[in-house]
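Take a look at these structures.
Next come two complexes, and both contain chain A; in the first it sits with chain B, in the second with chain C.
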Partner chain A sequence: MGMAYGHNHAWESVFSFPIGGLELLCDSVKIHNVNVEPQDGAKKLDMKDLLTWVRGNLIKERPEMFMKGDTVRPGILVLVNDCDWELSGQLTTTLEDKDVVVFISTLHGG
Partner chain B sequence: MEEEAHAKPKKAMPRQCCVCNQRRAALKRPKTLDQICKECFYEVFEEEIHQDIVENQLFKPGERIAIGASGGKDSTVLAYVLSELNRRHNYGLDLFLLSVDEGITGYRDDSLETVKRNEIQYGLPLKVVSYKDLYGWTMDEIVKMIGLKNNCTFCGVFRRQALDRGAAMLKVDKVATGHNADDIAETVLLNILRGDIARLSRCTAITTGIYSPNAYRGFAREFIKDLERIRPRAILDIIKSGEDFRISTSTKMPEQGTCERCGYISSQKWCKACVLLEGLNRGLPKLGIGRSRGLNTDRNKDVKEISVAKSIESKQCGTLDF
Partner chain C sequence: MESNGGDASRILREIETLKATKSEIEQRISALEAQLREIKVDHGNDAILNGSCPPISTNHSDFGHGLSPDMVYRYSRHLLLPTFGVQAQSNILKSSILVIGAGGLGSPALLYLAACGVGRLGIVDHDVVELNNMHRQIIHREEYIGQPKVKSAAAACLSVNSTINIVEHKEALRTSNALDIMSQYDVVVDATDNAPSRYMISDCCVVLGKPLVSGAALGLEGQLTVYNYNGGPCYRCLFPTPPPTTACQRCADSGVLGVVPGIIGCLQALEAIKIASTVGEPLSGRMLLFDALSSRIRIVKIRGRSLQCEVCGENATFSRLRFQEFDYEKFTQSPLSTSPLKLNLLQADYRISSKEYKEKIVNGEPHVLVDVRPQHHFKIVSLPSSMNIPLPSLETRLSEISSALEGESDEKGTNSRSGPQLYVVCRRGNDSQRAVQYLHKMGFTSAKDIIGGLEGWARDVDPNFPTY
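Let's look at the complex of A and B:
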């Protein structure tokens, strides 16, 4: 899979929505390779910035299916490099170049 | 060294797995709050299921067991775990995969493909039963007849019964269906909210699964996921409260009998599927949906015509009991 390299201070992440139909909110695309700039000149990008970015740039419809308040909706699992984000500080998890972030909805379908 | 420093830096927070103390923890178990790695999670998860199977004597050697397989995550995990434990601990079970094809264009195709992969991967024979074969109607045809409203009633009732009919064709002794803790907690909560005591006790009985489509299911699910965020054990506590629910012996419970038409279990004269099917075939698809109108009046008339025996009608039709 082709990976576009980011310019300076851009963090490149791969997003995926593998199960649960969350991709329906983003034109049915399951895997997104993206470059995200940290906000307001900050040096680091964290999950909070990322969710804001995803909501503004990837989610095409019904954002309330993805987010509640400033975080993901309860019932959506978030993995950063195959690790539950509860273990890395959730919204405060800092992201590095080439990190892989996965969102899995457990709300529908078994 | 140079390369190592460049390798993906470990996040500061994740700690070692509390079981093996070697690998990096990948998740926090809601049940114990233990931080645990992927490998150790599989191990304790499979061992706990084995213990539950043994303690509750769920299976006997030589039994034929159908695994309800939808192609989703719960039933795929179930198929994997049961075939793995059957081999590892010599349960001596004959396992089968049983799938229901509702006949919804573009919906089941993907998941049936997953089930076919399960068939090959775990070496389990697969049986697919379709609504068309069992009832003479596909879901597409039903929707064309009754519209988008209320079709969940048909699908839910028909699916539960289709599983049982498929099980009879396979001549299995038991059907195993995969539900996660969220599903069961949600069902406990809904049965409490509906005041459905009969099903409240049945829904946590270990070998019984129920299917109950409902509009407010989604709200209950969101509510329990909110609770879980505040207190991760909340989901398991709700299930426990359902298990511990005791009903005063003087409370009259609806009896579970059999449908006079098809012989399927039913707490009423005709099972829900037969009522719904009768409505479809007579061109009165509203029969069996909603409250006292339609079904009750119509069916009570039928019942009276057939016999004047005691009415086992004990609840409103809207409660969707099987």
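Let's look at the complex of A and C:
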């Protein structure tokens, strides 16, 4: 869902909130192209770092609708490059340049 | 005037009676037509056996697929598909599928499943058809407004295909009846609209070993996947803990573009047909995400069956008995039925009824009315001279209320004992209570909520006031 911008900055991630109204928590923007630096001089960026960054920089209201403790709240699926993060190690999933991270809030309506 | 009112209600009653009779007659005609077709087929066979026709033509069962000549003709476009063909159609005709919910998702799902010849098609729903369903629940006709959805949906399915067996389950699905109902079918389609139903249906499918085609739609987005299929994950593998109730939005509150559940419902029919006919690759271990606004569909890979899953995992002990005793409303903190939430947060003297508020207007009592609904709701309809301050922005806009109260006091004089009163209204009377609670905390001691909101106003004061 969207392409990363062309410049070759390390750790550039495209990520989006396409399904389930999560975009309402960050000024109704669904797709964000972001550059996130690894923390404390670490060489790699992982999902834990990204969540911390998202919470600090993008979530404008009601953080409890996005996170619980140090992970996402129940009912949110996290996809890294269209794959459930359960398959890549959840919070320890290492992110590469231009990875696409998607947060989906499960729907119940019909 | 009195006799006019009496005439109108007499006519309305007669219309209702006639409509009910009409739909019963239509159903009876469909059933008789189906019987007639059976008789014709049997008669044809008799003629062959009696030797009055040369035995060139053969009994259709001789082909091994069991399709009658009528069936061959009706389903010919399926039979012509090399990847589907007569075997898959024969599987469909012998299959049984249960659709839970005859709403936005269930409408197209049921119509396609009926049309394609599912042998036994069950429908579960306890609701009646309402006018505000019609924009998306395309299986229902206007003449069925006020009648059970199951009855309306069954009549529509029979009018498309009178040769199949439709089973009406006119009841809410509960842990007490779910095992009994769902065990009668090969495939279950979840077309419901709330979190507790989704957990209950998935758990029951695991207990009974049934594949589950699960769809959901809200606003301009939809989701689809197949659970508990061929060793794949169940709903709880994906969502072991229910989301907070604030994250469970309903179509009745958040809105839904009619065609969006229509698209997801069609895809649910497709997945159910694939499973029942054993053709193709069902959407298990994958999830389809549909974003109508940007015209994007993505299919993502989701986790497999979780060994730790409480219901389908390796050491799970989730039995029929456990299921029947499980409290899904408590587990998800939300009700199984779709009846809207009715909060009761305030003491009685912080509240007034809509009739009492009407009297205050008639008596010209100085007051300010704050409507705390979102702006797009306010644009649909509002009470005269109300000011719109949506609940989330109340905190930052208190000064507007203060100046409105001052203005009202200047204009109408301060001879009344307590000065102008502050009233708060919303759609149903829940957010207005939250607002009044907050306003009292902030020193607005005259704040009262109008009980039942604008829906109460329409019901008790002004029947011509639009509801939505």
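One rule holds for everything that comes next: the second predicted complex is superposed on the first by the 96 of 110 C-alpha atoms of A that agree within 3 Å, B and C clash if a C-alpha of one lies under 4 Å from a C-alpha of the other, contacts with A are read in each partner's own complex, and residues count from 1 in each chain.
Convention: a contact is a pair of C-beta atoms (placed from the backbone, for glycine too) under 8 Å apart; a residue touches a chain by one contact, two chains touch by 3 or more.
Predicted, not measured: the structure shown is a model, and the values here were computed from it.
Using the contact criterion defined above for the overlaid structures, shared-chain residue A:Glu96 touches chain B, although it does not reach chain C. Of the two partner chains, neither chain B nor chain C is touched by A:Thr52. Of the two partner chains, chain B is the only one that A:Ser88 touches; chain C does not reach it. In the superposition on chain A, contact of A:Pro74 is made with both chain B and chain C.
Measured by the number of chain A residues touched, the leading partner among chain B and chain C is C.
In the superposed model, A:Asn33 lies in contact with neither chain B nor chain C.
In the overlay built on the shared chain, the residue A:Leu107 is in contact with chain B and with chain C.
Common to the chain B and chain C contact sets on chain A are residues 19, 73-75, 82-84, 86-87, 106-107, 109-110.
Chain A makes touch with chain B in their complex at residues 19, 73-75, 80-84, 86-89, 93-94, 96, 98-99, 106-107, 109-110. Residues 101, 103-106, 191-195, 198, 215-219, 221-223, 238-244, 246-251, 254, 256, 261, 287, 289, 291, 294, 296, 298-303, 392 of chain C touch chain A in their complex. Contact residues of chain B toward chain A in the complex are 8-9, 11-15, 24-28, 35, 38, 70, 72-75, 178-180, 182-183, 218, 221-222, 225-226, 228-229. Only residues 1, 18-21, 30, 61, 64-65, 73-77, 79, 82-84, 86-87, 102, 104-110 of chain A touch chain C when the two sit together in their complex.
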